[in-house]
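Structures for review follow.
One chain, subunit A, appears in both complexes that follow, with subunit B as partner in the first and subunit C in the second.
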Partner chain A sequence: MSIILGVINEGLIYALMALGVYITYSILDFPDLSVDSTFPLGAAVAATMILAGVPPFLTLFIAFAAGALAGTATGLIHVKLKVRDLLSGIIVMTALYSINLSITDNKANLPIFSQETIFENAFIDGLAKPLSEYSTVIILLLIVLVVKILLDLYMKTRSGYLLRAVGDNETLVTSLAKDKGSVKILGLALANGLAALSGAVYCQQKGFFEISIGTGTIVMGLASVIIGTKVFSRFGKIKATTAVILGTIVYKACISAAMAMGLKTLYMKLITSLFFLIILVVSENRKKKVR
Partner chain B sequence: MKKRTFAALLLGALTAASLIGCSGSNSSQSAESAATAAGEETDNSAEQTAGGSYTIGISQFAVHGSLDNCREGFLEGLAEEGIEEGKNLTVLYENANGDGAVSSQIASGFISQKADLICAIATPAAQSAYSAARKENIPVIYTAVTDPVSAELANEDKTPVGEITGTSDRLPVTEQLAMIREILPDAKKIGIMYSTSEVNSLSTLEEYKEAAAEYGFEIVESGVSTAADVPLAADQLVEKVDCINNLTDNTVVSALQVVLDAAGKKGIPVFGSEIEQVKNGCLASVGLDYVELGKQTGRMAAKVLKGEAKASEMSFEIIEGGSFYGNSKVAENLGITLPEDLVSDAAEMFDEISE
Partner chain C sequence: MLELKHIEKYYNQGTVNEMCLFDDFSLTINQGEFVSVVGSNGSGKTSMLNLICGSIPLDGGRILINGKDITKMPEFKRQRTIGRVYQNPAVGTCPNMTILENMSMADTKGKPFNLRWGTDRQRITHYRELLSSLGLGLEDKLDVKVGVLSGGQRQAMALLMSTMTPIEFLILDEHTAALDPKTAETIMELTGKIVKEKNLTAIMVTHNLRYAVEYGNRLLMMHQGQTVLDCSGDEKTSLRVEDLLEQFNAISIECGN
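So, the complex of A and B:
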């Protein structure tokens, strides 16, 4: 039971980030590498704020805002300075490394074990037995659901439609007399805000911030998005956001299963990229849609 | 058609994964069967316990000479107490290769594999292990955590914050400074290179800065963020200082040759922080014996496994005092004579530089 619960917990935490990657990769067709650093950015902001006495719940919003700011930077570099998409992500990712360290006052590792977090506070401690055991997963589920519903609602607004249009058909957006650049910037801000939110939740659940947690976030996000949208979209009508969340949980379950079978963590990255490549090849019809 | 190719490919991927998985777990499986075999034979020594056999997970944060020595020592320490790999002990060993997210996954993996105890090597590994294990009440024994208090794994009075305890590898900073003063009576500035992403380096650097004045030194620090920054940083640093002193910084130590080259061109010595570095070309060091540190940790783990004490009841331990290691070949190259009293008390002297 604890294994399944662990997988769901991990999956839900990263699902927030994967929803962001879904916006950039699937909707905007923008491979945004900045999430590798906006994920730890969110964690750094949350850990530092919590230590400064900011209510843990509030840190989630601040982390989101910080991530959105970083995403805006990626967008501006790409749109205004005309740097290629992949490169603008790399630029922001690299710059954020220093910024993350300066946020935590040059500490690569910031424990918050003894602090109150959204998962550990007086209210949670006061809960009765069956509820307290599942408190973590319930809180995560609530956060993910709220984010998902908000995102679904947003996609139905005028701005949301434009966002989707930019990925599908840029000319259409221009012909509607809308600036496709600002729509892209908005999408990147949203995506990186979600990645930072994910990082903030991660560090509160794990009890510490560590500079190295961001490595490979984008690969994990892409794999989850692709599993979600390619596999679950085959099972009848299902919202893309739901599919992405499920995809992340499935991805985490695969990793957990591989480890239970005795997979050496040494090979983890290799397996992840192979897995990723296979799904990409299988889903090559993606290209037809985009081109 | 699409669906079929998809299924076929997925199957292929899973087979590949499980194949690699199997080859990886072979050793632990054989160890497991050996463990059951040992459990049946009760003619084992007095240490034979009621439980018969144990499963422990070792989570190491990075590949690193000192950390590897810790792990070896840990297993030796357990063996001294009668808990031997292949007899009554199954060891699950994973290395996060310096990735914090992987480190968390390793910890939860050990818990799902029902480890009786997790041994965490280095600070991030210890924190992930504690984070995952504290809800399950699985004891965590750490080693090579330089500052357990600031890592929030122990209280100010050294008592654990939960079912977690272990050993700290706080460097013998004052002894090292005294040693440098003895070898280089006229030196004024010591250069220290560290990576900004390693919390252990930062806290040791602070200790050096505090203690330096007492020995008439000034510390010149140089922070790097990746191993790729080391060459430039080393070239700049050697211009400003009379000698370089290493910490146990993973990034800098892995680029040790670069630092040695830069210092060698300038003819200034590099001091190490442990035996491996002296072997590889540092002039000298008052260093920790990481194998010994691991052994001490192993003995603590044995107590917990046998149920003699709970992890939450044991304060963390610091290995006391360092011993002198010197390299006479390096001294000869630099034209420096190592003081006789240091050499005669040396734990080990090397007369060649191993590559």
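So, the complex of A and C:
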């Protein structure tokens, strides 16, 4: 039971990031590697702020804003300086490593165990027995649901339409007298904001910030998005955002199943990428990108 | 009024393949004119449209709309007053969005793309009417993704979408070239109707000499970055396809082929 709960918890945390990757990869068709560093950026911001006494709930918004700022940087490098999409992401990803460390005052590891977080505070402690046992998963579910619903609503607005259009047919956006560059920047800001939010939630749930938590985030995000959109879209009319959230949980379940079969933790990233490769091959998603 | 003044455009500048397309090219298109442009491949027809829309940079000269210099205005800003239909029907619509969503976006052109609902429910009846004027049965497929429609249906939608909001210029870039003869005919009739109804100033590049003769009130023939034939009024009305073919042959002989 506790393993299943753990999988769901992790799945929900990473689902926030996967929703961001869904925006860049599926909607914008932009392979954005900056999430590998915006995820720990969110964690760094949240951990540092919590230690400074900022209310834990508020840190989520600040982390989102910090991530959005980083995403804007990726967008500006790509749109204004005309650097290729993949490289713009790598530039920001690398630069953020130093920035993340500078946020935590050059500490690669920042524990916040004894601090109040969105998961551990006076209110949660006061809850009765059955509720308190599942408080973490309930809080995560609430956050993910709110983000999912907001994202779904956003996609139905004029601005959301334009975001979907820019990945679908850039020329049409120009024909509508809109700058396609700024629409892309907006999408990247949103996506990286979500990745940072995910990181902020992650560090509060785990109780620490660690500089290397972001490694492989993009692989995890892409795998989740592809599982979600390819597998779950077959079950009738299911919203893409819901599919991505479910995809993340399935992905986490597969990884933890592999681990439960006796694999050492040191092989975690190897399993992660092998698993991603299998998904790509099975879903035949490689054809589009490889020439 | 659209004015092209002393336009210069080079391709591959500074290399051995340098090619001068336009050298001191000037053209004035008046309000309400429907100009058909014909000419052989590489004569500068599409380049001219791209220069007007700002899709490619210009090496010299100025472009003015109603006396206002737009030479340095970025492409997307120029599109406020320009509607453009491309040769490829896929370029004018978003394949992964529904007909309704596409129509709503086109309707929002010129307004801010903010956080208001993308589709205004009260406008749906209006969209239905517009779509039914195409006679393609699209008004009953509002929730269908545009990607599953045929090229002709998509081009009809592209034409409708580019002329939905008030524009001054309609740019048609061989917009019937990728369609079968019957569909091309339908789209062309629709184009004539829309231009007339909305009293648009239109520039149509075409390889179909019959359309060039039948539609529009002015005709340009281009060759090596120059206009070799420019007729309007009675001269245009009395023009026949045979005359145009004769001109075409004359140009080709000059070139030595």
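The rule is simple: the second predicted complex is superposed on the first by the 273 of 291 C-alpha atoms of A that agree within 3 Å, B and C clash if a C-alpha of one lies under 4 Å from a C-alpha of the other, contacts with A are read in each partner's own complex, and residues count from 1 in each chain.
Keep in mind that, in the parts below, a residue touches a chain if its C-beta (ideal position, glycine included) is under 8 Å from a C-beta of that chain, and two chains touch if they have at least 3 such contacts.
Just so we're clear, the structure is a prediction, and the values are computed from it rather than from any experiment.
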Next on the checklist: Of the two partners subunit B and subunit C, which one touches more residues belonging to subunit A?
Outcome noted: B
Next on the checklist: In the overlaid three-chain picture, which partner chain does A:Lys129 touch, first (subunit B) or second (subunit C), both, or neither?
Outcome noted: neither
Next on the checklist: One more residue to check, A:Ser175. First (subunit B), second (subunit C), both or neither?
Outcome noted: second
Item to check | First, second, both or neither for A:Thr157, with subunit B first and subunit C second | outcome: second
Checklist entry - Is A:Lys82 touching the first partner subunit B, the second partner subunit C, both, or neither of them? => result neither
Next on the checklist: Is A:Lys237 touching anything from subunit B or subunit C once the two structures are fitted on A? First, second, both or neither.
Outcome noted: neither
Checklist entry - Shared contact residues on subunit A for subunit B and subunit C? => result none
Next on the checklist: Applying the document's contact rule, which stretches of subunit A touch subunit B when the two form their complex?
Outcome noted: 2-3, 6, 10, 97-98, 101, 106-109, 111-114, 205-208, 210-217, 220, 234, 255-256, 258-268, 271, 274-275, 278, 281-282, 285
Checklist outcome for this item: Contacts from subunit B onto subunit A in the complex sit at residues 2-3, 5-6, 9-10, 12-13, 16-18, 20-22, 24-25, 28-29, 94-106, 108-109, 111-113, 123-124, 127-128, 130-132, 136, 150-153, 161, 196-199, 202, 225
Checklist entry - Which of the residues in subunit C end up touching subunit A in this complex? => result 74-77, 79-80, 83-84, 86, 90-97, 101, 104-106, 108-119, 162
Checklist entry - Once bound in the complex, which stretches of subunit A touch subunit C? => result 154, 156-162, 164-165, 168-169, 171-180
